[in-house]
Amino acid sequence: MSLARRAWAGGAARRPELLVPAALGGLLLLYFALPFAAFLARVGSTPILAQLSAPGAQQAIRHSLLTAPVSTAIATIFGVPLAYVLARQSFPGKRLVEGLVVLPLVVPPVVGGAMILTAVGRFTPLGSAAASVGIPLTGSLIGVVLAQTFVAAPFVIITARAGFGAIDERLEQASRSLGYGPLSTFRNVSLPLARGSIAAGMVLTFARAMGEFGATMMVAYNPRTIPTQIWVDFIGGGIDAILPLALALFGLTLLVVAAIQRLGRLPTVVER
Amino acid sequence: MSLARRAWAGGAARRPELLVPAALGGLLLLYFALPFAAFLARVGSTPILAQLSAPGAQQAIRHSLLTAPVSTAIATIFGVPLAYVLARQSFPGKRLVEGLVVLPLVVPPVVGGAMILTAVGRFTPLGSAAASVGIPLTGSLIGVVLAQTFVAAPFVIITARAGFGAIDERLEQASRSLGYGPLSTFRNVSLPLARGSIAAGMVLTFARAMGEFGATMMVAYNPRTIPTQIWVDFIGGGIDAILPLALALFGLTLLVVAAIQRLGRLPTVVER
Amino acid sequence: MMLNVDGLGHRYGTERALDDVSFGLDTGELVAVLGPSGCGKTTLVQAIAGHLTPTAGRVRLRGHDVTGQPPERRAVGLVFQQSTLYPHMTVGENVAYGLGPQGVDPDEHEAIVDEYLDLVNLADRRTAYPNELSGGQQRRAELARALAPQPDLLVLDEPLSALDRALRVQLRGEIARIQRETGVTTLFVTHDQQEAMELADRLVVMHGGAVAAVGPPRRLYESPPTPFVASFLGRSTELPATIAATEPLRLAVGGDELTLPDAGRTPPVGASVRCLFRPHGLSIRPPEDADAELSGTVRRVADLGRRYDVTVETDDGTALVVERRREPPAVGEAVAVAVDAGSVVAFTAAGEPIDAA
Amino acid sequence: MMLNVDGLGHRYGTERALDDVSFGLDTGELVAVLGPSGCGKTTLVQAIAGHLTPTAGRVRLRGHDVTGQPPERRAVGLVFQQSTLYPHMTVGENVAYGLGPQGVDPDEHEAIVDEYLDLVNLADRRTAYPNELSGGQQRRAELARALAPQPDLLVLDEPLSALDRALRVQLRGEIARIQRETGVTTLFVTHDQQEAMELADRLVVMHGGAVAAVGPPRRLYESPPTPFVASFLGRSTELPATIAATEPLRLAVGGDELTLPDAGRTPPVGASVRCLFRPHGLSIRPPEDADAELSGTVRRVADLGRRYDVTVETDDGTALVVERRREPPAVGEAVAVAVDAGSVVAFTAAGEPIDAA
């Protein structure tokens, strides 16, 4: 079968009929690449470090590097079990749950922010109760985490679910029949085999959390994260004022993509 | 085999060991559901129509309903051929292309906006040349489309690619051997079989384009789309001022999710 | 009895997958569950191993009712058609995996793994990963893993169906040897009657979720209780016939008469019966041969190297396959076909066997 | 010649999948390409159908070189192991799909579809969708679709390998009938030697990307050119032997001597040879039987209903399978084994056949 599989690839390797779609797609790729290239060229002629050491930029970076990992951790701890249940179990209302998982992905971030405000805003019962015991749910780092988690958690759920779904359930059954309970089986078999997918999902969630802008603007305009700081700087100083912080964010993004590619999982997961 | 497949599902139907992960995941689902519920409850007590008929709101809705379909069309026309090539062909540099497709997905929207500005901003060669012939690439509906396409196009590419990838290449080979050329085969076999995935991808791209905020703020703060108008209204009037427009966006989102669920493709595509 | 399956039934929604399935396995026995796709074999395996709770009936292991027990509480080793070796563990680690829950002293794991890898002739692949093994080696590693914890019962669910014929025949012999050497009670599930008959002490033939027959291969082959069992256990051609006389039992088939050995109970003269002819019980004769019961025209001759399969179309249009070792007749030739009465199995119109006493 | 494959070679990167493969098919012939997994069968099919451009050699259809032609320019009908019926079309639409490019008048499509659905006994499922068909019906619909455009060549790539044995045997007969009725030149690719021998006029045996033998089943079975062909075409046990005398040819095997029919060319006395014994060419005798060439102990008796397969372990430890129709000996019994010299195939140490003249 291995030969057979390679046969298709080999046959495809000289398919002239793919030239037209490749040319069409190339235009889109060019449009993706052009802004990147222009951005990098422009950044090259800017004093990066000086601007990054300004107190506002420093603080924004600190806030982002604090909140995004926390949001990712929350999304992973609660999302991976959910992903496993969705991959393994059918139950009444499953489509509703699936819809709920996808919703934050398609709800515009500003609407998501508005929704969070209606739920935990300062003048809601929940928000005022929390604020009165000294835990402000908006305009605080907690608010940032709430916004990021809402918007970014679906990525790790969906990707981990794909990973669990790709594991033949019989591998788990074999483990049970070899004497391991459900928890040991999950730890010994399901988790190691889905590790790549879970990591890819965490990386996507982290990237989305780092870049979160719309919902954060509504829920916690202060304290600033990198994206909100970029906006403030942009209002004040235009494009050149924001290049250093944008580059910092972009650098983190590049790291993320490199990690995805090195894990080698995203294309697979996305492909199948 | 059909019996065998159902055997697993049936066996899973009473697996008590899934209660703990289900409970953990339920907390996350609750956090997704709570803001929605609070939002809908709050909206119920607001004079929607009056506010939606204000000229600013009307114009924002018009702009959004004009730009998002155009962006979706561009992404589809160029993205679906690219998806087909990625699903069927291996070539040197494919990983780079895949990285390029994923990048706009993980680049923070504000950074994406900054990148577009460095490429086609008013003071760049490209931007000034276009503006001089009367086609302003920023601060215009064209700018909105540029921002939306950059941010939203990956969705239709990735989803369509998954759809094409799921088609056994031998179905296409059979069509070729029955006398159809590559183009007829694509039209008769590949396209109909991937239709569900392509539609789901278009729906996701449309939703993302409708909700686009960060990049649009940078590239075209004016003319206003619904998300940018929401932000402006929020600054001026707080949460209650934006509920009608947010509801309009949310309503469109709900339509989108319903369409996805009805097409029945997203969970499958995402799952595998 | 090592395994007792008692009145097992299962439904998926409204679809009945298993219907009142009962049989047992003695210690050390190798029994094959044989049936076509969709006959409920897989559901049966899942219920015995504990991955599915049947909607009716009981499963007993060593006399203990385990119907409600989870799989990890039953000592049932399981090998599926697809490999379930863990890709993130070496072959040795896979084989050792089942030893932990048995409370085997970790110091002894190494020796036990060696022993079982030796048993399946895989000692030199201990540090390999499953994806580095050939298809046959994967099967053997899987057997070693299932056997190492010394299960009460080994269940092999179509273990060879995904393999090439040559490998399948080879591994069949390996499984027989391994079962002989370990003495493990084995349930071998397959759709391949040749495989089942070659390996098993007894067969459980399943059809439509129910047990169609239980017994040793030879008895079921020679005296099948239903036409389904008769045709599933070996090639045969069915011809309609009527009872011409009862003592001795004579059947009218295709214009000729055929005398069968005395039967215990027979339908009355004139009743319709279903006759199944085995290819090896038929022989080609010259046309007009006085001893031959049937006549027809040769439609096809398949050369199988060792023998020819000659397809003869009888005068009423039925295609009859006849085995022949010598030079076959030519296509188009008119021939007579003699029937070895001992190889014919006959059933009443209702499917009751007419026992050749 | 309908198809000529001439010196076909293909590499995937540095891996050689096909190596100088040449053979031809006469019009109306049914030829089977037979070989184990990974022998290059699939690559060969892809090259013949035009879905892959071979790195060496030519493919000719009706004498025209089509090596560089795309698949749609070759009239090759293709059926794979997996169903490739289009799920969004009915069975009738699937069968009609190939008629359009042939320029068949659309008014005639209906009649042609009816004709081919009749041919495969599927006329009543015309408006069904493929997922409503059983596995066997899908195969037949696929055959109808491949045949409807009346291809020059029908290529069946393991068409039955995914099916249960009972269905496989039944469809094998169907394929033979359909091929006979349509007269289409057919290349049948399989790993199952029984399937190949039953269906094919000639075999092309492949091994490691190259052609190991071409010829009618019986000739290859009786006079295999290599040990691989000998063992792949039928069960056999290999025993090492040495030449004891050359006229007549006598071999020393396991302490005894075995006289073979006169051979054309033989190695010198004392040379090592490889002897393959067919199970049906061996027979169990009482121990100390003067005519028996080998002796050993019965290790296993498998009851196959029609016959027993008796595994005898010879004194040097080789397991020899012997077919027996009568009551078999008991396990553990000491027996002698007589060899039918005519069924033995012998090769030099280098794998050259020692032709029984």
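In order of appearance the chains are A, B, C and D, and numbering begins at 1 in each one.
Methods note: contacts are C-beta pairs under 8 Å (C-beta built on N, C-alpha and C of every residue); 3 or more make two chains touch, one makes a residue touch a chain.
Here the structure is a predicted model, which is why all the values come from computation and not from measurement.
Visitor: Could you work out how many touching-chain steps separate chain A from chain B at minimum?
Guide: The distance in steps between these two chains is 1.
Visitor: Where's the contact count highest, between which chains?
Guide: Chain pair with the maximum contact count: A-B.
Visitor: State, to the nearest whole Å, the distance from the C-alpha centre of chain A to the C-alpha centre of chain D.
Guide: Taking the mean C-alpha position of each chain, the two centres sit 54 Å apart.
Visitor: Express in whole angstrom the distance between the two chain centres, defined as the mean CA positions of chain C and chain D.
Guide: Measuring from centre to centre gives 23 Å for this pair.
Visitor: Taking each residue of chain C in turn, which ones touch at least two of the other chains?
Guide: In chain C, the residues touching two or more other chains are 37, 51.
Visitor: Which residue numbers or ranges of chain A touch two or more of the other chains?
Guide: 181-182
Visitor: Could you pull out which chain C residues touch chain D in their complex?
Guide: 36-37, 135, 164-167, 169, 173, 176-177, 180, 191-194, 197-199, 216-218, 220-222, 232-235, 278, 280, 300, 302-306, 309, 311, 319
Visitor: Given the complex with chain C, which residues does chain A contribute to the contact?
Guide: Of all residues in chain A, those touching chain C are 168, 170-171, 173-182, 184, 188-189, 192-193.
Visitor: Quick one: which bits of chain C touch chain A in the complex? Just the residue numbers, please.
Guide: Against chain A, the touching part of chain C is residues 49-51, 70-72, 74, 76-78, 80, 82, 84, 86-88, 97-98, 100-102, 145-146, 149.
Visitor: Please output the residues of chain B touching chain A within their complex, sorted ascending.
Guide: Touch list, chain B to chain A: 8-9, 12-13, 15, 17-18, 20-22, 24-29, 31-39, 41-42, 75, 77-79, 81-91, 95, 97-112, 114-121, 124, 149-150, 153, 157-158, 161-162, 165-166, 169, 181-183, 204, 207-208, 210-214, 217-218, 226-227, 230-231, 234, 239, 242-243, 246, 249-250, 253, 256-257, 260-261, 266-267, 270-272.
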